[in-house]
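Once you scroll down, you'll see the structures, which are given as structure tokens.
Two complexes come next, and they have one chain in common, chain A, joined by chain B in the first and chain C in the second.
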Partner chain A sequence: MDKHINPSTRAPSGTARVLRLAGPALWALGLLIPQLLSPAWITIGGIFAIYSIVALSQDIVLGRAGMYDMGHAVFFGIGAYTCAILSLFYNWPVLWTIPVAILLAAALGAILSAPIVKLRGDYLLVVTIGFNAIFVLAMQNNLFGLTGGADGLFGVSGPTLFGHMFGTQSDLFYLDWIVLAIVLWLMRNLDRSSLGRTFRYLKHDELAATTLGVNARNYKVAAFALSAGLAGLAGTLFAMQLSAVSPGSFRFTDSVVLFAIVLVGGQASVPGVLLGTAMMFVVPQIFTEFAQYRYLAFGVAMILVMILRPQGIWPARKGVI
Partner chain B sequence: MDFILQQFINGVTVGGIYALIALGYTMVYGVLKLINFAHGDLCILGAFIGLTTLTSGIFGGLSTPVLLILAFLIAMIVIAVAGTLLDQFAYKPLRKAPRLSAVVSALGASMLIQNGIMLIWSPNVQVFPNDLLPNITWQIGGAYLSFVQLLIIAGAFALMAGLYFFVHHTRVGTAIRATAIDQDAARLMGVNVNRVIAMVFIIGPVLGAVGGLFIGLYYRQTYFTMGWSYGLSAFIAAIIGGIGNIPGAMLGGLLLGLFNAFAAGYVSSSWQDAITFALLIAILLVRPTGLLGERVAEKV
Partner chain C sequence: MNTAVSQPSGHDADVLLELDGIGISFGGLRAVDDLSFKIRRGEIVGLIGPNGAGKTTVFNMITGVYRPTDGHIRWHGRDITGFAPHRIAAAGIRRTFQTIRLFQDMTVLENVIAGQHLRMRQSWWQGLLNTPAQRREERELIERAMTVLQQLDLADVAHEIATSLPYGAQRRVEMARTLVAEPELIILDEPAAGLNEQESAGLNDTIRAIRDKGITVILVEHDMSVVMNVTDNIVVINFGKKIAEGKPADIRSNPLVIEAYLGQDDDEDDPLMNTVKDQVNA
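Moving on to the complex of A and B:
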């Protein structure tokens, strides 16, 4: 880590300048998907946007604040279940469930992480796996009679916005894509804010940060809450997109995939995480006839990427702290 | 009283299996500070290899006890080779890489083994024949001890005693402990750390293969995702005992087995995993390095 270069005074390199334009251009190009591609790809595009948001939120805890969270599917699931339960059982308009889901997921993130952020890296990892196992069991055992057991809940509809009902897959695609843009903008701001810098500082040298007066515990809990809130937002989109939620989407295996996306793509690197998400969710759709070899190939790819590029495919720029 | 004794017997049986598998996790963690996520899948691969040896009919002429010993030997050898290959290809190139890279490589290896098993043996549950072991049951007080339980308890304790002796009373064992405490200091004292690591990736899988085959014989079935669930339980056992600590893994395995047995007896078994993790979280909050783990500051 090159700590002598002050990033604010350094002129952006050529690639950085290209990237600054390429990102929004790619996003705008993505908006054409519903016009150009088959319905299957519209759904895949929407799912990609949703999982990108979850993976980016996972990256806040893992890549930016440096905490090994391997139970991130819990917060994604809380968002999805909140949306489904409120809209199906309490007849809330779907749109109103979104802020509630975000707040609930963020609150849960703060409550669950508060007692455990002091644990050493690997222990934190195991405890978060535990949270995930407990969450899935709670949903499967039909907690409070609201979660629908192992089958889950069906019939979540799209939201109504300005009198327009987001019902079709391409409607939902645009919604997912726009929310993704908002989240990307938030991530950009986070990286430039003192909050984001404090997260990075804690990751790279917690002792030094503490001596400068950073309350490590509070910031770590804040990282969890922020990350969980974004995952909850993605969860509501997920419930609308599939119009159903079930425990099977939020298992420990799903958390492992999210964890791997961040590490394979590149920690604290937005393009890296998006690339990782594409590898895990879009590439398999191209090779559907080899579906049974999908996880076998994932396994090999994870090993190979780590050996060839231990920092991930597209690591964060150096010297940024 | 009978109920308590019965749950105790069941708990020690499962605990012995957990301990055998937990030893593999704890030894690798001790020398490499790596959670070997693929270990549970290796163990279950051992169960599949053993089952195939028993049922394929290649060794048709042999009597059942000889066949059974052969199944254990073949499973142990194949899994030891698999463990060595795993280390050589997935972990060795990452010794100097950031720690999380090796963790992701381990997760990838786990997916690879798990889905490899699925493709070779099909995703269905594979059933062990029921005439392999004598169908004897002894009555102790009001509780029952079956032959397979006695075999598992005796086998697990014999292996653990052997490993304990090996680790504490031989030169290689001393080298393993020294490497676990401080790799650089051990290297300076003339310990061949690479050989210690290679050793650990043979001993752990061998014990794990026995544990995996025990699981198959005890529940009379095996399926490809079993490695996740049993591996996770065994890993929790290793952490409860204090990860990196070999007697700790044995203690943690037995404690977790007993705890699971009594929890399943007194509380609903559909919440079993949740109860296991609740125990783990409670122990970690009170003793952040496990029961027998030393309180050490994190290396900077």
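Moving on to the complex of A and C:
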């Protein structure tokens, strides 16, 4: 190896350096929410963290691997129902339901996607809508007598960790916020790893990627599994936060919202997706008197962004290394 | 040398790739018909023919993009007909594309790292957890990519977005992406297309340098200054059939080849036709 080759990555630009510090700083600032803001905002903060995780997981399939998954609420729902069913019917400690929910959602993601990843984008989108419709129907019809029908299940408690029961809204907020940090760290690592790069190779040019040795099918299934696993994780937090799960939270329209958050925020862009989630779940709370217009506002935003800024409000940085 | 593969009796050990009567039809069109030729280790082989003769289709069959409807493709004597592209890549065959196919929005370095996909040892969880072993491998991937970029005079633009580079540089990035895998055979689909005279002269040196590394080269090319100067052997096809095969000097004076090219009288700019015309008039 020649000595003068400098294999180090390029020096980060000024904005990149600011961002690298701004992200953790904003997260740390968020930790103060329970001290500074009203109880309503503590819940909003928790919900924001949960939906951020789901939207980031949607972005693995959609923004990175480039597959139009319009049924992502299914995996979110699997996580939530797994947590509720295991803790309510089988008296599992809530904490233990988390790894099971992640694995179950990931397995379902792999099984459902394996036969369909060969489909072209628009066909895959229609199939995933079908998955979502079937999931909601199954939950409404009290599948195996476990899902509680249209009303869902009630009474999920927070987990007990190190002898401390996460019962209050601010306890749950801290839990959500810490899990969000872990997921953000995983996303950062994903983008710098072979796995994340291979997803992007497949999105940009599948033929070129396969002639370089990429087994496209395996990697697409892996994208679905990873994405579904993270959505399942978010689902368990959701069940704890609301202490209830019902089919109404995991409908096709919820999948559409997740899809739109990624497109409006910026595909494969972590700050973009967080911004999109905030627009959808936080901004409406600031203007509560207009809250009933939030779909209208988001709809208009979607139209304007797609026309004026198709790469999203905060597009992904080009080139990670 | 792949000694694990049992070699059929009479198999020439020097033969790397053998096309044996391959053919493919698209609907009613017979794009390639009963085509056979062999490529020996260390050769630079040119595949030429008029537009629409089926040259790129042949490449697509070798690399698994299309599945031949007839015949066999053998690699080290082993039948690889109809293998998926990623298995062809794993066998040690890499290609470039006639229309450059770089990963847009990604840097030159990221594009070249893609060529090392099959060398990657990090597992998915090592990547997600950013383990020390994974970070070490990432550094090695970058170092190897930089070495190849340096050889192709691209080190200065390693962090540029690949598709923002001039055309000639993009071609070299695509070549770097195949070379970094250290393949046994590299397939170049019109590497001189879109290059200016100076760049295509440089291309000759690049192709020879590739061969000098022990990599066998097969190329489709219209630029006769490239084909006639660098190839050891030329296969000429027309309407999907082989019409001639031999050394560049023989091909130049082959009457069938002259006819195939002269037959295209509306293609005044075809360089081989002009070369051939000069020969005929001389």
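What we mean here is this: the second predicted complex is superposed on the first by the 309 of 321 C-alpha atoms of A that agree within 3 Å, B and C clash if a C-alpha of one lies under 4 Å from a C-alpha of the other, contacts with A are read in each partner's own complex, and residues count from 1 in each chain.
What we mean here is this: a residue touches a chain if its C-beta (ideal position, glycine included) is under 8 Å from a C-beta of that chain, and two chains touch if they have at least 3 such contacts.
As the structure is a computational prediction, the values presented were derived from the model and not from experiment.
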{"item": "First (chain B), second (chain C), both or neither touched by A:A114", "value": "neither"}
{"item": "Chain B versus chain C as contact partner of A:L95, first or second or both or neither", "value": "neither"}
{"item": "Which superposed partner A:L190 touches (first chain B, second chain C, both, neither)", "value": "second"}
{"item": "Partner chain(s) touched by A:T198 [first = chain B, second = chain C, both, neither]", "value": "second"}
{"item": "Partner chain(s) touched by A:A209 [first = chain B, second = chain C, both, neither]", "value": "second"}
{"item": "Which of chain B and chain C A:L19 touches, first, second, both or neither", "value": "neither"}
{"item": "Chain B and chain C contact sites that coincide on chain A, given as residue numbers", "value": "207"}
{"item": "In the complex with chain C, residue positions of chain A that touch it", "value": "1-2, 5-7, 9-10, 186, 189-190, 192-198, 200-201, 204-205, 207-216, 222, 226, 316, 318-321"}
{"item": "Residue numbers on chain A that touch chain B, as the complex places them", "value": "68, 115-116, 118-123, 125-127, 129-131, 133-134, 137-138, 140-141, 207, 252-253, 256, 259-260, 263-264, 267, 292-293, 295-296, 298-303, 306-307, 310-311"}
{"item": "Chain A partner contacts - residues on chain B that touch it in the complex", "value": "35, 89-90, 93-94, 97-105, 107-116, 118-119, 228, 232, 235-236, 239, 243, 270-271, 273-274, 277-278, 280-281, 284-285, 288-289, 298, 300"}
{"item": "Sites on chain C touched by chain A in the complex", "value": "63-65, 84-86, 88-90, 94-95, 97, 101-107, 109-110, 113-115, 117-118, 120, 122, 124, 126-130, 134, 138-139, 142-143, 146-147, 150, 155, 159, 161, 177, 181"}
